[in-house]
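The same chain A turns up in both complexes below, where it pairs with chain B and then with chain C.
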Partner chain A sequence: MATIILDRMRKEFGATVAVDDVSLEIPSGRLACLLGPSGCGKTTTLRMIAGLETPTAGEIRFDGRRMNDIPPQRRGVGMVFQNYALFTHLSVYENLAFGLRVRGVTGREVDQAVHRFAELLELEALLGTGVARLDLSTMQRVALGRTLITQPHVLLLDEPLNNIRPGLRETMRAELRRLQLELRQTAVYVTHDQEEALSLGDQIIIMRQAQVEQVGTPEEVYGRPRNRFVATFVGSPTMNLLPCRLAQDDGRLRLVADGLLFGAERWARAREAGPDLLLGIRPERLTLGSGGLQAQVTLVQSTGAEQVLELMIGAHRLKAVAGRDRRFSPGQTVRLDFPSPDLYLFDARTGEALYE
Partner chain B sequence: MRILAALRWLIALFAAAVILLPVVWTLSISFKPPREWVAYPPRLIPEEPTLANYQVLFQVGNPVGAIAEMTRSAESVSRAFLNSLIIAPVATVAATAIGFFAAYAVSRYGAGGPLFPLSVLTTRMFPPIAFAIPLLVYFRMLDLIDTRLGLVLMYTGFTAAFSLWMIKGFIDGVPRHIEEAALLDGASRWRVLFTITLPMVKGGIAAALLFVFILNWTEFLLALVFSSRHATTIPVQVSHYAGAVGRFYGPQAALGIVASLPVVGAGYLIQRHLVRAFTFGLVK
Partner chain C sequence: MSEIVLREVLKRYGTVQAVRGLSFEVDAGELFCLLGPPGMGKTTVLRLIAGLERPDAGEILVDGQPVQEARPGQRDVAMVFDDIALYPHMHGFDNIAHPLRRRRLRDAEVRRRVDDVAALLGISHLLGRLPHTFSGGEQQRVAVARAIVREPKILLLDQPLSNLDAKVREVMIGELRHLQQRIRQTAIYATHDYEEAMALGDRILILHDGQADQIGTPDEVYSRPTTTLAATVTGSPPMNLISCRVHNGQAVVDGWTVPVDGAPEEIILGIRPEHVRLGEGVPGVIDLVQPLGRRKIVEVLFSEVRLKAVAPPDFQGARGMPVRVTLNPQDVRVYTRAGRLTPAQVTAPPAPLEGADSNP
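Right after this comes the complex of A and B.
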């Protein structure tokens, strides 16, 4: 357990800036997800926390203690790598025991710990096997066990479930969360999968192009995105965006998008923003009913539990999520309702979200 | 397809024949009495097979006979064997150890700059004789001429570059993440090097050991220049079986066969690693 603080951390590789003035606080015992597209600097940030990369500038503190000059092996940090980084010349048992042996633990103590974690991760039957012959998900459990067995204060995970088939992924995700809660470690989990991040994290840190875009709970980044990038990166299917302008209509503010009109009293501040705006609504919030605007179905995709509809309103393409109780077919005309509390507004030029 | 496979076999057989023929011929000569050594037409199977060529190696002048008479002035091979058995392995282990550490430094830290690995190969770009004269001057000052230490130092220096190149390919193949994982598990850099990296490249090290050993075991020119009595090695000893009337092919062949046994044995033991080492380590 340790509170991790990054204070204006910066990392340059030659002329490229991989991490640009990132400041963060990850409270003790929480699981933070570093979420962002590949190349956004999330892995570099993680590696700086581990001590595997030296920051170009900025400070990193665990519980107020400066860590910049502490080598990785003395930071009390454990890390699970994307490709597991198992010691392929050793057995499962020896992989698990490695961290303890390095610390000078011997004999029965090692044996007990290995068996305890092997039981926890269902590896008992495989202890004598060489790790090179295991399947990916088993390798992942060995990597996890090898890291957890030394009981690090800080647990770092770099896309650890990437190579695991869907289905098993969800199980392992839940398993991971359970273990982290049980061992009460501060954990940082790097992923580019927003669904994984939302389901796992206490705190979501969204990064893009070396910078932090937003930090918040899963509800906050989903429900109150700070900008267009966060709004479209989080949530699936992606949030619908309609270009629009603000108009004054008999004393009332209105949003005009190609002949569509929306009430805009909530966005008094929008006047200060540029003339070009984007109206956003999540596909799962669009309601298909008898009232509202007319739209034409162009494509129906079933996900099993629900249906994702592609629709045209005038020249605009939108997506909507519908339940299984109604049947839709391309060409059909439906009526779409835009519930006012679920609408978002963005400045089209800066991408910034506008709230009342 | 069938023609292609047959062709492949044919080429392989031809290559094997080219390589094996001298070996087989040497073996044949080593069992031949003197008058069959250069008999014409040549015969592969000796008419009167004899072990005398082998006997004179270790027991000079015994048994009596033409071969013993010819090689009376040569020394017993025991000293040369002892020298070779000390010089070659010591130099090989030293060169491989240096090569391993250097390869690690180059692979992981880019030590010495990008040109360093290539520049260490320059010791192999000149004929050894080009180094022999200046080294002779140094060695005379240091009193290293005709000593085992002198040859060990020289062999180590000349072969470390090879082991660096052979082992570097293997270390490049060990993912950095594995070392980082061990580091984060609490191991020191040295511990990571010896308990993680070293076992993972042991195939490359075995191949480098064998390759360097062959070079050191068979080196002739420097040994000839730098030894006169005390530090004589087997290849030099082979040259001693010659007289005013020509070379004594029988004892030379016998010594050649005996001397190649350790190399063949070691090669057989690590053949699994050899292919990888010679393609991955040397071919870039």
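Right after this comes the complex of A and C.
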């Protein structure tokens, strides 16, 4: 188990900067999720940790030891990809044993380890089965077991659940999380799916355009996003943003958003920010059915458990989440309110979140 | 706008029965979703309707006319796939205009229709650019524009969003639903993603081994899945399914029981995670808490049975802590051991099994 430190890591491909001076610390025994849209640099970062890419600048350390010049096979990393690359002509047992055998482990030691990890991953009954006959989620468990059994210092996972259908994916997420709580394996997990990151990670590292935007627990990145990008990337449906400006009214600070007016005393820092601000509220925090504002329903989408509504309030388009107990239909008028403790404020120019 | 009818359609590939006596009707202007895990026959159904495959038996009717003998070009069907196939050397405009020019429309008419459809999809700024400069979502919008620009009778979409990032997909789902509300194009949309099917479909067909498991509106399919398969392909997380036995009108679960009316001896209880309430009821232990932003998924372990529950984001429980669990009887569905919905009803919330320790 190792603490991973990235110290001003940089990777250029020709004129393109894929990773731009990223510094991170991933504590021993923790699972960190690298989360971001396609092309943000998360996979390149993972590949540098693995040693599959050489950084253009910066240092990478495992437990204080510089890794830059250590080849991948000597770094003690285990990798799991979205294509499992199992030996389909071999049994589950042989696949699990393979990683140990290539490391020169033999005899009873192999057998004990295979049984221990098979038990952990609920593969015991399948040890004799050929991998080709397994379903995708079981194959993914075998792939994971084959890597875990080598007890890597660092486990690296690159979108391992991408090929698993929704529904099963949630089950796999729960299994992975449970496994992580038992093994406390240092791990880095790359994904573009914010829900996956929130449900799996001890630490979420959000990347955009080669840089780190925020590092925090799932609760922190959701509840206290550092900027507009994090606020809108994390959370589904996406946080509502309304352009607004700061105004003085009888000595009181107000936010004016095209026909809407909000008290602004809470945001002492709003004065320092530019004149253009963005007011944010998460769709599930809008109060529906009561309140002083009126909005028109323009779209209703069911998620099964809930309804996602699209609303027009003046010129603003908002999303709201409603339960299944009330029926909504396009064209209908609803009352709504913005509970003030649930509001966020961003500087429209820099995107920075302004807190009290 | 056209209506589509499939009657007892059968399709074999060698010894594999890809489609096994499938029947359904799509109304004019309806967006009809085929939902099912990979390998269940979704793509084959689309290819049969497009005319890329011939059925071994059965009928396919468009506007009342059998079309199974018609060539693809005569069917007036447009398709959108998951691997987006734009012409890389053509600008956005020419990509979208391509099907119109093949039909020898006048230039002025081509321009008017491309401009209209581009405005509808919010991609006017892409008309003068080449596809390699488009993002994934933009490419898919252009592909949809190209498919609908000639106003086909039928639009077929085969997992069009499956290669997009989660966040882009969320945006595209909203856009497609808006588009459908405006143009009311008869469309069949195949997906393995229940969120897409629920959000987009006027109706959903759950496809299982080449047969229809259930056909209904999103709400019908969600609240009363008629099979356990339909129950597990809808919902996030999917429905909890618990196999148990019934003795003297009581379903014996795992240290607790619920009374059931009219149930066979062996049943499967189905409960959606959002219907599992934490805080009161029968005792269990929290096995896992997974935060998802606006909610948490909590797994409760009894002796062997595990139940997933949805809790609010401020839920404070953690792994290993005791928790009490209850269910609203009317939210519990009762299935046969083979996975068919029964009319049996659970009549009261769970109670600890007689003699069971109520404080684990």
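In this text, the second predicted complex is superposed on the first by the 328 of 356 C-alpha atoms of A that agree within 3 Å, B and C clash if a C-alpha of one lies under 4 Å from a C-alpha of the other, contacts with A are read in each partner's own complex, and residues count from 1 in each chain.
In this text, contacts are C-beta pairs under 8 Å (C-beta built on N, C-alpha and C of every residue); 3 or more make two chains touch, one makes a residue touch a chain.
All figures in this text were calculated on a predicted structure; none of them were measured in a lab.
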item	value
Touched partner set for A:Ala305, first chain B, second chain C, both or neither	second
First (chain B), second (chain C), both or neither touched by A:Phe233	second
First, second, both or neither for A:Leu260, with chain B first and chain C second	neither
More chain A residues in contact [chain B versus chain C]	C
First (chain B), second (chain C), both or neither touched by A:Leu198	second
Touching partner for A:Val105 - first (chain B), second (chain C), both, neither	neither
Partner chain(s) touched by A:Arg173 [first = chain B, second = chain C, both, neither]	second
Common ground on chain A, meaning residues reached by chain C in one complex and by chain B in the other	none
Residues of chain A that touch chain C when the two form their complex	37-38, 165-167, 170-171, 173-174, 177-178, 181, 192-195, 198-200, 218-219, 222-223, 233-238, 282, 284, 299, 301-305, 308, 310, 321, 324, 330
Complex contacts: residues of chain B adjacent to chain A	175, 177-178, 180-188, 191, 196, 199-200
Chain B-facing residues of chain A, complex	50, 52, 72-74, 77-79, 81-83, 85-89, 98-99, 102-103, 143, 146-147, 150
Chain C to chain A touching residues, read off their complex	37-38, 136, 165-168, 170-171, 173-174, 177-178, 181, 192-195, 198-200, 218-219, 222-223, 232-238, 272, 274, 287-288, 290-294, 297, 299, 308, 310, 313, 319
